[in-house]
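Below is the structure I would like to discuss, written out as structure tokens.
Order of writing sets the labels: A, B, C and D. Residues in every chain begin at 1.
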Amino acid sequence: MSNALGLEVKTIVETPPEEVERVKEWINTDEYKEKNFARQALVINPAHACQPLGAQLAAHGFEGTLPFVHGSQGCASYYRSTLNRHFREPAPAVSDAMTEDGAVFGGQNNLHEGLENAYAIYKPKMIAVFTSCMPEVIGDDLTAFIKNAKQKGFVPKEMPVPYANTPSFSGTHINGYDSMLLSILQNLTEGKQIEGRCTGKLNLIPGCDFNTGDYREYKRILEAFGIPYTVLADISDSFDSPCDGNYHLYAGGTKLDDAADSINCKATIAIGSYSTAKTFGWVKDNFSGKHASLPMPMGIEKTDAFIMKVAELFGKDVPASLKNERGRAVDAITDSHQYIHGKKFAVYGDPDYLMGYVSFLLEVGARPHHILCSRGNKKVEKDLQALLDGSPFGQGCKIYMNKDLWHLRSLLMTDPVDGIIGDSHGKFAARDAKVPLFRFGFPIFDRVNKHRYPLIGYQGAINMMTEICNKFIDIKDDTCEDRLFELMR
Amino acid sequence: MSNALGLEVKTIVETPPEEVERVKEWINTDEYKEKNFARQALVINPAHACQPLGAQLAAHGFEGTLPFVHGSQGCASYYRSTLNRHFREPAPAVSDAMTEDGAVFGGQNNLHEGLENAYAIYKPKMIAVFTSCMPEVIGDDLTAFIKNAKQKGFVPKEMPVPYANTPSFSGTHINGYDSMLLSILQNLTEGKQIEGRCTGKLNLIPGCDFNTGDYREYKRILEAFGIPYTVLADISDSFDSPCDGNYHLYAGGTKLDDAADSINCKATIAIGSYSTAKTFGWVKDNFSGKHASLPMPMGIEKTDAFIMKVAELFGKDVPASLKNERGRAVDAITDSHQYIHGKKFAVYGDPDYLMGYVSFLLEVGARPHHILCSRGNKKVEKDLQALLDGSPFGQGCKIYMNKDLWHLRSLLMTDPVDGIIGDSHGKFAARDAKVPLFRFGFPIFDRVNKHRYPLIGYQGAINMMTEICNKFIDIKDDTCEDRLFELMR
Amino acid sequence: MSDKIRKVEGITKESTEALIAETLSVYPEKAKKKRAPHLGANDPASGSACVKSNKKTVPGVMSARGCAYAGAKGVVWGPIRDMVHVSHGPVGCGWYSWGTRRNMMSGITGVTSFPMQFTSDFQEKDIVYGGDKKLKTLLEEAHELFPLAKGISVLSECPVGLIGDDINSVAKQSAKELDIPIIPCNCEGFRGVSQSLGHHISNDTIRDFIIGTREYAEPESPYDIALIGEYNIGGDAWSTKPLLEECGFNVKSVWTGDGELEKIAATHKVKLNVIHCYRSMNYMCKVMEEKYGIPWVELNFFGPTKIRNSLRQLAELFDDTIKAKVEAVIAKYDPIMQAIVDEYKPRLDGKKVMLLVGGLRPRHTIGAYEDLGMDCVGSGYEFAHTDDYDRTAPEMPDATVVYDDPSEYEFEKFAAALKPDLVGSGIKEKYVFQKMGVPFRQMHSWDYSGPYHGYKGFEVFARDVDMAINSPTWKLVKAPF
Amino acid sequence: MSDKIRKVEGITKESTEALIAETLSVYPEKAKKKRAPHLGANDPASGSACVKSNKKTVPGVMSARGCAYAGAKGVVWGPIRDMVHVSHGPVGCGWYSWGTRRNMMSGITGVTSFPMQFTSDFQEKDIVYGGDKKLKTLLEEAHELFPLAKGISVLSECPVGLIGDDINSVAKQSAKELDIPIIPCNCEGFRGVSQSLGHHISNDTIRDFIIGTREYAEPESPYDIALIGEYNIGGDAWSTKPLLEECGFNVKSVWTGDGELEKIAATHKVKLNVIHCYRSMNYMCKVMEEKYGIPWVELNFFGPTKIRNSLRQLAELFDDTIKAKVEAVIAKYDPIMQAIVDEYKPRLDGKKVMLLVGGLRPRHTIGAYEDLGMDCVGSGYEFAHTDDYDRTAPEMPDATVVYDDPSEYEFEKFAAALKPDLVGSGIKEKYVFQKMGVPFRQMHSWDYSGPYHGYKGFEVFARDVDMAINSPTWKLVKAPF
């Protein structure tokens, strides 16, 4: 029998319950894991987004800056809502709403009309343009388009309109962040280098970090040092702004003048060697002063490294307040080490976060048993392996490069761990594996205020240790027999 | 049949399982609740300790101060271990180890020998003496004893040896705190008032608060104002000291010189009108400048009141950084209000904490349904009732004065709530009632680092809101059907 | 349609038109000219649209709109629980739309239901060499790892169309080889002006590949209906489906909330299609009407007044058995609903709400607010068409502002003037208004709550609206210093 | 007793005595004179105490000791699960000892077991007018609210004795009226010099009010034994009791861990008392020996070496059936224990531990550390007597320092000189050493872990010791700047 379309017509038959049961068990087996890891084409539950998202994050990090998506308006809606959900904050951005015509005529008209309108309505000090798929596929020439826009007066000639090519079919959000940030810095500092001038300031580039608490923590640390600084791409006020009855379209960001003058700095530290690779490469060659690229200062050792680098670059001693803070963090850690010692973790996320999680876990005596990097290169793998090799707690831990959260599920079901560190998307695998998910990183859609608690610095180490240990105690309290339920833990 | 002692000898009979089952159900009934609330003499699971514990806390709040228990050495061991467990920190204190002889001869010899040894071995700058039961029952005259000790040279004449009578059979630890603090201040400031001198400083008395984060938060706020201050009885470094390889017997505390000069202050704020009642009464009459007694600044409204009082006393505007902080806290609260709105809580604890919890819950739209005060007077009840009367969310909420955690259990089983706020001792009732216990207050024996996170100030409001809301979301995630388990919350 | 023309104090045609003019004054001429026809004062008496709609979004103005892919993946296909839905192209589109629409699902994840993100995660080389071969491999892998999936949809993202891949032929070949339905859907984001075209394309795809390919195993009955345009947001379908069953109907399939492919494929056998979200699925109702002679009726399941009217309207199309059951149902729920109204209305009476949602709720929810004593003082759609605005006119009070695809700027300006007690819109707008201290509920996703449909939903809706408006936290917004 | 005299490199009688002298140098003369006899260098060959003990604590020196009440409530009575234990007097003593000793309990809280805090919460007026009447009322209330409690203990706090209350007469009268055992225990904290007198008083009270008042329902057997001085810290008894049962014994009662009043009361019917904590319960062993002719044997359940020796020592007292079973048990566990040693010893070999605990573990745990390759370089007790120190001498290496009721100052000084890799003591000492970066385990409470007794316990002990010493967190203590 066939229907009007020539398609076969069948009677509906329900899948037998025993077959459902069989498959339900099967997907937890080693056999399934092998098939799952044999995948070549299908990606299931990836732990990374696409470049423009990161580009938008970087754009929000500058004063009066309107992120501008050259592409379909749907793209912009996706980036914006993702940031809204993570930060529970506005994420104002526009697009030039390209449609089919773009494929035929190119996107210049959309870009020009978009710039004109955006400038008139939203009165930005800078418009940061980045691309989604369409213009990348059709090959729009943004250099020319923007030059023309200024010539035709759609935006003032003096207004910075940096742009970045951020094709979604290459890299992840961290690369988009890097490209946009680089473009902004190139644009703002162009011609601003002054021979002999030194601002005496430290440029700090926090990297593609979605935790506003981290930004504030960096600043607090530098203030403890008494070192003048410019945080480049400072999203802290942009995505953690007061609720006081007034909405500010541009709630925060690095002052454009400071960013322009950053080229005359005393030193620059770029955090996150993967999400600031291109930017740091350029800064190193173009900014005055000294330059350092450091891993995210997660845990005591990596924070020590950061602190010492700052001290070294500025020839300062580490202030007593930070020494004490370090001591208190170590105290918090030694006080609680027994709750995490030897515990196995699965961790996933962006390479820079991963390096931090792994370093922290190893130094407190936990085992980063499954390390899953959704997208990363050989260098990421080598750096992670070096961390593992440096600790007895790294023995037996394994790195899975370019794998997704459906791979993770197989790992969890066949080689269980005690906890998972990652973003909200891991909650399904965590539920199936019946282990807690520690929501660090990005995105966190299902818990409140997490991005306000720093993960970096000594305070970040306290925060991670506290959350993890208290959760393990929660679990003990929740699941122990009555006779083992007790006042002290 | 009777045994050698003339006692009846019976054969062991096990309680029948159905009888066990019956009683197990019965203790959860309204009938049981009535019997339970009819108790006149028996106290079961009280939520308060005795005076000397609070006295020791106050003593730790001063530079180089050795807490000295005049009484049995067992008492001192109990206070110390309680503080050790809560803070996971040392709590050095000595006792003069009174025994039976004391009942006959009085405790002067013990006190003298104790002072001599303590001074020689532990080299304190001040010895703060407080009493446990024995000397209080036998009526030791500490004024005379200490005078004699100095005359006989057991301790230098110039060394401050304040003392407080802190009988365990009256009041609770908060009263012991108050008495010891008063005695220390009286002792240190004696003769230090200088006509016409004004230090320009604010004295802040945080009250009997066992959260070191709160002390640091007060100081941070005052620093944001740029107001010079002396925190009187500052335990923050005493009970949150660095782990850096060195043990310091006296790790923190208010400088004795600052405490002595506090009498010449510009203003004094005493936090916690119940735990600093006596102290504030005396300060008001004896310290220069202005004086204010304020509730613990928990939640936005009470923090506003604190901030405004500081601003008023010093004729300063509220600094922008605090305004922004307030806005961010309100943002954190409005962002998450839906997770707590209308939720019912049982709360218990010391009166000052209770006032804070209730005020916070009401302002975020939750209901402090059962308010249980382990020990408090009519004023406490009146003040709590006034809070309830001021909000629609206070309707139907009830205050239980001078009740214990076994009463609480009956309330929870017969009139359930969504969550409990209190100390670790509530965990048994919480488990029986199958609701989460939010561990604020004192003591917290079974979770780590809680005392490092402030409950007061705007940051404290974020902390409480975050912990509570995320726990409710945890519960939803943990208990919902598969079909209702989702990425966003 | 509402009984009479309602007015809101202070709102007149003049005031609204002045507000619109004032709002547009900042725009460049060209943009102003484009935007002006999309903003208007409602004329309920006319019963027709006061604005233009379904036009290209003006570049650069911060629209809330999504794209065709969003309409296809997020709205129509995503909710079908027993299919693997492949976001074909780069990683982002699928990632952003993963788990964010709250179309709830039964079943066992990865076994019988698939609320996961499946993507071909295009790389540079796929753009250069084309992705058809990868797609073929991917389909085999999906079938091997998820053997109980009843079918696979392939949802094209922008590059697929731009580089000229032929997913239709891959789908056809693989469907044959794997012996399961594989549905290619050319819903590239650049097509059309909004989500709306994605709905239409998806409807057409259902028409071309699905409808009529299955038949129900159980015998037909005169009370067989399908529930169309019900996406089970926050569990809506778990409120409406049982309600219709309580009224005596057999709900043979739900399009597409918690949907099952084969039941959808057999929908040509029902006696009536009941449509809730007209915008996204009227196409297939019309197809089924034309091709299989199935009548359809458009209902509203928000709030007791609209539910009552809807159920009676539905009963009119059936026999006395149904009519009696429907009256029994109404009689059962009326007092329950009244109790809810009695609880919340005292705290909500006279409060004003402004809406900006998708293609249904800007009109359908008005009655529910009115049940609670509230007035809707402004409403608009992201991606509606004229027929939607026609239907909106009688629902809104006289002269209130209507906005089509408004920019965030326009929406803010209108709100600043109208001072609503509640704004109901999407996540992109939520925190803008909350910063201003204006209570807000997400009306796409029920703000992580729900259901809002049906009697069961009204209780939740009323509670949430009360919570939003009467939370004491708003009193904290203004500092006393 | 150990096989041979062990030495620790660098420790000699001279070095230890110099250390002691140096430590005491800061003390005032009187205190120095008092303290000196309590500190000594071990002489294992002598087999006898090298220090004085059980003397009054020197005032003002920061002792770790508790009081008689603590010994009675915390140690002896508290663990009996089916009794209500009333802390009679002010609120504090009961509150501080509530749930802090980790004597684990079976049963249903508030129904069949009572790990709660019961207090008469004395107020000023109770001091003035006496608390006997309150006590009487309280006992009635307890009986009414906890009808399944098998008895009530009344544990006096300091004021009770000082004001001259007569709890014995109240208890007697109420016991009659309520028809349950009510045991008055005059364990006021001011009595004696430490917890130790509390143990003794409690033992005497058991002798006077409990022992011999019950008989087991089931028939006697030659393998009936009681386990004495096992308090089930961290579940110890749930390791040792099954182990003894596996060896063929009927463990008729445990004193008093997870204890049951009536089974304890019938213990005069067993064939042998096996005692673990000699200090706290030797009194009742001796009473039962004298009065009922029950022999007793002192064993050590820490670490495989001591367990093996202990089980064989026990088997020697019984027939071949038991001997065979014991050998089977040893054969079964030896390889399991060896595996544990093989796992941890490589990381622990040669590490040094210092101990300061209560009345048993400063000697009993030494073998367990040695099983892991560790040396005990200093040990001492809070409240031991000469017979404890006699038993300690052969367990410790030659010339190592022994300290009785040391002040925290002394303990710190010794540790600073001896540089142990681990300190095992109580909560009051824990954070002092951790601040110094010295790994620490609470050896009263097993640091919220356990059990440490028996074979099951050794696995936990070994893991914990390894965790403490080899946690990488200690490497973080010293800042690199």
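Some observations on this one:
Please note the rule applied: contacts are C-beta pairs under 8 Å (C-beta built on N, C-alpha and C of every residue); 3 or more make two chains touch, one makes a residue touch a chain.
Fair warning: this is a prediction, and the values are worked out from it, not measured in the lab.
Counting C-beta pairs in contact, the pair that comes out ahead of the other among B-D and A-D is B-D.
Computed from the mean C-alpha positions, the centre of chain B lies at a distance of 31 Å from the centre of chain D. Chain B and chain C have CA centres that are 53 Å apart. Separating the centre of chain A from that of chain B, both taken as means of CA atoms, is a distance of 41 Å.
Listed for chain D are residues 98-100, 108-109, 431, 434-435, 477, 479, each touching two or more other chains.
Counting partner chains per residue, chain A has residues 85, 88-89, 241-244, 323, 326-327, 330-331, 334-335, 425, 428, 445, 486-489 touching two or more of them. Each chain pair that touches appears in this list: A-B, A-C, A-D, B-C, B-D.
Chain D contributes residues 98-100, 102, 104-109, 235, 258, 431, 434-435, 445, 447-449, 464, 467-468, 470-477, 479-481 to its touches with chain A in the complex.
Chain B contributes residues 3-5, 7-13, 15, 19-20, 23-24, 27, 32, 35-36, 39-46, 48-50, 52-53, 68, 71-75, 77-82, 84-85, 88-100, 102-103, 110-111, 113-122, 132-134, 137-138, 167-170, 172, 241-248, 406, 409, 425, 428, 432, 445 to its touches with chain D in the complex.
Against chain B, the residues of chain A that register as touching in their complex are 85, 88-89, 240-244, 323-328, 330-332, 334-336, 339, 424-425, 427-428, 431, 445-450, 452-453, 462, 465-466, 469-470, 473, 477, 485-489. Across the complex, chain C meets chain A through its residues 26-28, 30-31, 56-70, 86, 89-93, 95-100, 108-112, 116-124, 126-127, 134-135, 137-138, 141-142, 144-145, 147-148, 157-159, 161-163, 189-193, 195, 208-209, 211-217, 262-263, 266, 291, 407-409, 412, 426-428, 430-437, 477-479.
Considering their complex, residues 300-301, 304, 307-308, 311, 317-318, 323, 326-327, 330-331, 333-335, 337-338, 341-342, 362-365, 391-393, 482-484, 486-489 of chain A touch chain D.
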